Amino acid sequence: MPQLSPEDLFRNGIRVDGRRWNELRPIRMEVGVLDKADGSAYVEHGKNKILVAVYGPREAHPKHIALPDRATIKCRYHMAPFSVEERKSPAPSRREIEISKVIREALEPAILSEYYPRTSIDIFIEVLQSDGGSRCAGINGASLALADAGIPMRDLVAACAVGKIAGHLALDLSDVEDKLGEADMPVAYMPTYNSVTLLQMDGVFTHDEFAAGLELAVENCKKIYQMQKEALRRQYLEIGSEGIEANR
Amino acid sequence: MPQLSPEDLFRNGIRVDGRRWNELRPIRMEVGVLDKADGSAYVEHGKNKILVAVYGPREAHPKHIALPDRATIKCRYHMAPFSVEERKSPAPSRREIEISKVIREALEPAILSEYYPRTSIDIFIEVLQSDGGSRCAGINGASLALADAGIPMRDLVAACAVGKIAGHLALDLSDVEDKLGEADMPVAYMPTYNSVTLLQMDGVFTHDEFAAGLELAVENCKKIYQMQKEALRRQYLEIGSEGIEANR
Amino acid sequence: MPQLSPEDLFRNGIRVDGRRWNELRPIRMEVGVLDKADGSAYVEHGKNKILVAVYGPREAHPKHIALPDRATIKCRYHMAPFSVEERKSPAPSRREIEISKVIREALEPAILSEYYPRTSIDIFIEVLQSDGGSRCAGINGASLALADAGIPMRDLVAACAVGKIAGHLALDLSDVEDKLGEADMPVAYMPTYNSVTLLQMDGVFTHDEFAAGLELAVENCKKIYQMQKEALRRQYLEIGSEGIEANR
Amino acid sequence: MSATPQIPPISQIEGKTIIDLIASGKRLDGRGLLDHRGFDIKAGIIEKANGSAHVSLGKTKVLVGVKVEIGEPFSDVPDQGVLTVNAELVPMAYPLFEPGPPDENSIELARVVDRGIRESKMVDLKKLCIIPNEKVFVVFVDIYVLDHDGNLIDASAAAAAAALLSARINKFEVKDGEVSLLPETMPLPISNIPVTMTFAKIGGPIVLDPSLEEEQVMSSRLTVTIDKEGRLCALQKGGMGYMTVEDVKECVRLAMEKAPRIRGLILEAVGYGKD
Amino acid sequence: MSATPQIPPISQIEGKTIIDLIASGKRLDGRGLLDHRGFDIKAGIIEKANGSAHVSLGKTKVLVGVKVEIGEPFSDVPDQGVLTVNAELVPMAYPLFEPGPPDENSIELARVVDRGIRESKMVDLKKLCIIPNEKVFVVFVDIYVLDHDGNLIDASAAAAAAALLSARINKFEVKDGEVSLLPETMPLPISNIPVTMTFAKIGGPIVLDPSLEEEQVMSSRLTVTIDKEGRLCALQKGGMGYMTVEDVKECVRLAMEKAPRIRGLILEAVGYGKD
Amino acid sequence: MSATPQIPPISQIEGKTIIDLIASGKRLDGRGLLDHRGFDIKAGIIEKANGSAHVSLGKTKVLVGVKVEIGEPFSDVPDQGVLTVNAELVPMAYPLFEPGPPDENSIELARVVDRGIRESKMVDLKKLCIIPNEKVFVVFVDIYVLDHDGNLIDASAAAAAAALLSARINKFEVKDGEVSLLPETMPLPISNIPVTMTFAKIGGPIVLDPSLEEEQVMSSRLTVTIDKEGRLCALQKGGMGYMTVEDVKECVRLAMEKAPRIRGLILEAVGYGKD
């Protein structure tokens, strides 16, 4: 494979896949795609292909994880062995364990878990193909799967990342951009609360880059939020949709 | 070691260990060989040396495996590190895990487990030396150990394998025959029900080879069944033996 | 590093660190050094640096380890990855598992565990730096931490080792002495009962060497016992100290 | 250690309905006793894998990805590539599946699929040798069960076959003991296509392709793999009951009869032969 | 799999007291909302390690040891040394910590500290290459939490920085492809010093350096790492609640303002620069 | 982490009977306090192993297999073979043994047997070196406990000694750095024969070779290993109680006195010296 340099990623304002600095990759969302799960969603985000299932509220297992005043939220972010360039061992990596935690913490604020004490709400995110930004795409799918499972929520959580390539701010890095780029900052956001529920960053940002990047991320989370609502609307068109729509 | 070819294994109708195509290896069975176990048996089948212990019916452990309407049957097929050519790690291999399952399923139909709800009947098969056909020998020993433990049974389960070497059907393959042969099919059988409780096969059989092989296996399972009853009779001669003999 | 021979370790009756055959290394003991633990102690013994925490009596966890007539004593001897020359993997080694057991058994006789049925008393020994004799130093610290936690005890347990270097009996081997020496015998001792609660040995001792070595170990355990009491006295000077002092 | 499974909740009434229906030659979903549910096979959907296929068998969904890497041969077969099959029953697929290392069910699933591929010599492992004793292609077949509505074995075996048929690997050159991969690709060396069919005994009769509800009331199952010459290349009896000798013979006969149709579906899905 | 933690017992009254106090700009221990607890940093206390440091942050105590060994580089960066950060929450430190392999909390702790070191380029990994593709220095940073009274991240990050700054490794020679270590030592090649600060949102306000009780009532936390040029090099939001966009901006601004003081404390503790 | 064991059920009455009997110098099975149970040693029973032995000590049964393979030396002793002892308390042997990785009891058992073999220099590891730094013989001693009626250590140590004495390995040639094994075999290089004896303190008295019931009421045990020169080469105190200094001295004296007889039994069983 010919070696790319960071500069190759951003020529005349155009990125390797033809996007501009502030463009999202194509996103496709589908709700209710699995039979056994209580709720499910499938998200394609660029080349990311992500399936999310939600079970619950159901009996907490093992019992000692049950909480007296709220549902226990369980979350697993997991990559299929064939989802990445080099085959990944099926055992959970440290990266997957950390991401499972931050995704859980990104979704907790949105779930009205106090409605279901002593139960468990289980979120399974399977990355079937990964191409940079899979944690954000997983959060977007998980919000949809939670809604599909009928879990009452304060808001949908929408997520996307902002990075830096060859000194330029760039929205929604793909894998090759992330590897050669100088920074990556995934953001999860609840529009109704103007609040951040996930925020990570590695690389180097000046104060101004950070501030501009955060604005860009928030703006695009809002776009994704509209796509999420659209996906739910398509799924529930005939039924009429109150719960989740109350948040508009 | 000189390299053998499949043809070397079958010269003039005689196999490397002097057997004909339809001969079993020498089999020795002994019942009641351990002190702590509720039932036990020792089987030598060719160079296979296999010890089986049965505990139970006893309290199911951990409790959540208990079943309301029958005993839980637990089964472990395990090879000693020194039982094979190259030292085996003590951790259970995928092969051992699969064989533990199929042996359990071979014994389940024979055990009157509905007599002992909420308990556990535990079967431990230790392969002290392995030489091809150890799962069948383990089943033969486990039937004896169950009977020795006084577990009520519908029938004894008898098992042997049929394979193919250099195009010839051959009964009860040894390890070297299995490695160079073209097929191996272990069969476990309950004579009273003319039924198969374990059936596996790998290699290649035409329809006619399969049909003839199955007949051959069944016929020899019946012979092994007689040996099992003889072994129990030797052990219980003085006591008189009703339960198990009722099935004759 | 220049290769040492066993003879280099003992020249003109003087050991590499300047000690005579029957001298302990410098020992420093401090009690009550941690905030969260119910009792704690820090011991420096030569270059060994060992921290001990005690929690309990507290609810036994998991519940099935609870005993109807006494407290369950739990003990973990654990080495920090940076405590030894070559980085140690954090997973417990077979050596650490064995030492955890023998230290527990060295402390059990001293603890009045019958006072706290169904509870657990947990002892955590962390070797921050190891230099030969860490199990003995761990026992010395654990006795202090137990006393600091207010656990009622029959006696303090004091421990030290005796070894053999280049044919000479030698007290309290350091790591380099242990590696080149011919024998090492750690001893834990309860002075009030003139009893041994831990005894291990590897290497070669004649009968007379063993007998003299055991005497030497006992004599120095008594010295360490005085240091332990002194350390407790320093900590509890103002409070007055009855419980543990009753054993003097 | 293997233990009698906790049978998941199916009401006694529902169970009896299924058994009674089958006794009268019918099934809950309207199929005949020896019909498959609808088989939908899509190949090539994971671009980052060398091969992949998604199979729906009724509501059961399985995704298989094939990755091919360069590694070392086993010392007893130094001139052959390596094939390894792994299965994950991810908790997404079924309320009782739990995360963690493979249990006996996923190990059995992987090993039965493996045996079909291996014993039929589907992949010609000799052609996957690069430098004997040193470098060979290692083919990872990863079975990912996404939705469990029964008969995971047949869905997985079909998906594995389709994924292998669809896989492409880089051509390579060896110069002075160094391997270099070329940009052009080629298919895997395929020399057979096994077809796997699972029968369940429910009451007296035998049914093909049991659904989840049927698996919950079956007494036993028999999986039969048939190669393209119509020969048997793997068998696996499962379940806590038995089959009569006649049942077994009938299942093998039926599998031989029905294998060509399924093989046709797989070949059609991958467009094999157009290459 | 990650699960909502069992919040350890803190009485509702105590929780309310903390929240009310903070709402009025005060804290239980008398600090201002944006003050650190007392930072005590001691370097070089484990002689057998290449570097080490003990940090007390209030009653929180963390020990970090650095070991440097010779090993192989990763194949994708064959000319760079290896840095690996590991954290153990040993059961000594807190009643609810249990022995066993690292859980999500210790993994997150290690990875956040790792990112600060790695992204700031604190250790110049290129200078740790001995023979490209073959031998490099491997730097193990082991975080050992001894007493947990809150804000383990900041205490660990400071201890890791001090331990790396204090570390010395052997000089070496390469002759005919053989490495020999010389008796003289040298410091690690250090090119930056990251400073990590954690903020907690408790009720409306933001506080710096939360104590354990404060962590038990906080809705979320944000960890910010600042390099010596005053740039952001790592962020990590934690906890089950959210932060407003304004909260986030304010935390970043505050961290940039306060980083130089903490960097000064670390440098002072290790006496860096005297070498 | 080590925890006080659940003592298995022995009735208080039975326990008191044992203790009272021993106080009066007698034992439940009629032995004298310092007598072994019957020792039956059979060597060479696993043909696929290089060496093996089965020991019955009363109703306790232990099988030890020795496998010898070619592997790499440890880097700190590049000119020595490797010896490794492993013990499995398989669940067959006792109702409370559970399958799984070795627990503290099997690890202690293996390590105590290992120390006796290693410290007595039973196997001359230097003679197991094939090519220094590269290839040595690796000796695996696997202890398999089949029936547990007390005193596993002595039964295992005797079985390990007999298995090692009975073991045969292939002769070999080294040509141009390549090892080839020859068809002829030779015994392992044996230079000592350790004998291991375990004493239990039950009430006041000391008994030799405790049975399972005796182990359930003992306050502590002491294991003593004696080499063929009559010297002490390993000690291990176990159990939750203590021994007086005098008890310890007496056990060591008794072990030295009684070791030759047991060594004789082992040698007789393996027919050692006839080679």
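Here the chain labels run A, B, C, D, E and F in written order, and each chain numbers its own residues starting at 1.
As a working rule, contacts are C-beta pairs under 8 Å (C-beta built on N, C-alpha and C of every residue); 3 or more make two chains touch, one makes a residue touch a chain.
Since the structure is predicted, the reported quantities are computational estimates derived from the model, not experimental observations.
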item: Chain labels contacting subunit B and also subunit D; value: none
item: Third chains touching both subunit F and subunit E; value: C
item: Centroid comparison with subunit A (C-alpha atoms), farthest chain; value: F
item: Maximum centroid distance from subunit E, chain identifier (CA atoms); value: B
item: Interface with more contacting C-beta pairs, comparing A-E to B-F; value: A-E
item: Listed pair (B-F, C-E or A-E) duplicating the B-D contact set, over half by residue number; value: A-E
item: Centre-of-Cα separation between subunit D and subunit A, whole angstrom; value: 32
item: Whole-Å gap between the CA centroids of subunit C and subunit F; value: 27
item: Where subunit C and subunit D are represented by their mean Cα positions, the distance between them in whole Å; value: 58
item: Distance from subunit B to subunit A - Cα centre to Cα centre, in angstrom; value: 52
item: Overlap residues in subunit D, where contacts from two or more other chains coincide; value: 1, 99, 102
item: Subunit B residues counted as touching two or more neighbouring chains; value: 76
item: Overall pattern in which the protein chains touch one another (line/ring/star/complete/other); value: ring
item: Ring of chains, enumerated from subunit C in the sense that reaches subunit E first; value: C, E, A, D, B, F
item: Of subunit A, residues touching subunit E in the complex; value: 65, 67, 70-76, 94-95, 97-98, 100-105, 108-109, 113, 120, 185, 190, 193-207, 210-211, 214, 218
item: Touching residues (chain side subunit E, partner subunit A) in the complex; value: 1-4, 6, 102, 104, 107-108, 110-111, 115, 118-120, 220, 222, 227, 230-245, 247-249, 252-253, 256
item: Subunit F residues touching subunit B - in the complex, by the definition given at the top; value: 45-49, 52, 59, 61, 63, 65-67, 69, 86, 88, 90-95, 99, 101-102, 140, 142, 144, 146-149
item: Contacting residues of subunit A [partner subunit D, same complex]; value: 34-37, 40, 47, 49, 51-53, 55, 58, 76, 78, 80-87, 90-92, 122, 124, 126, 128-131
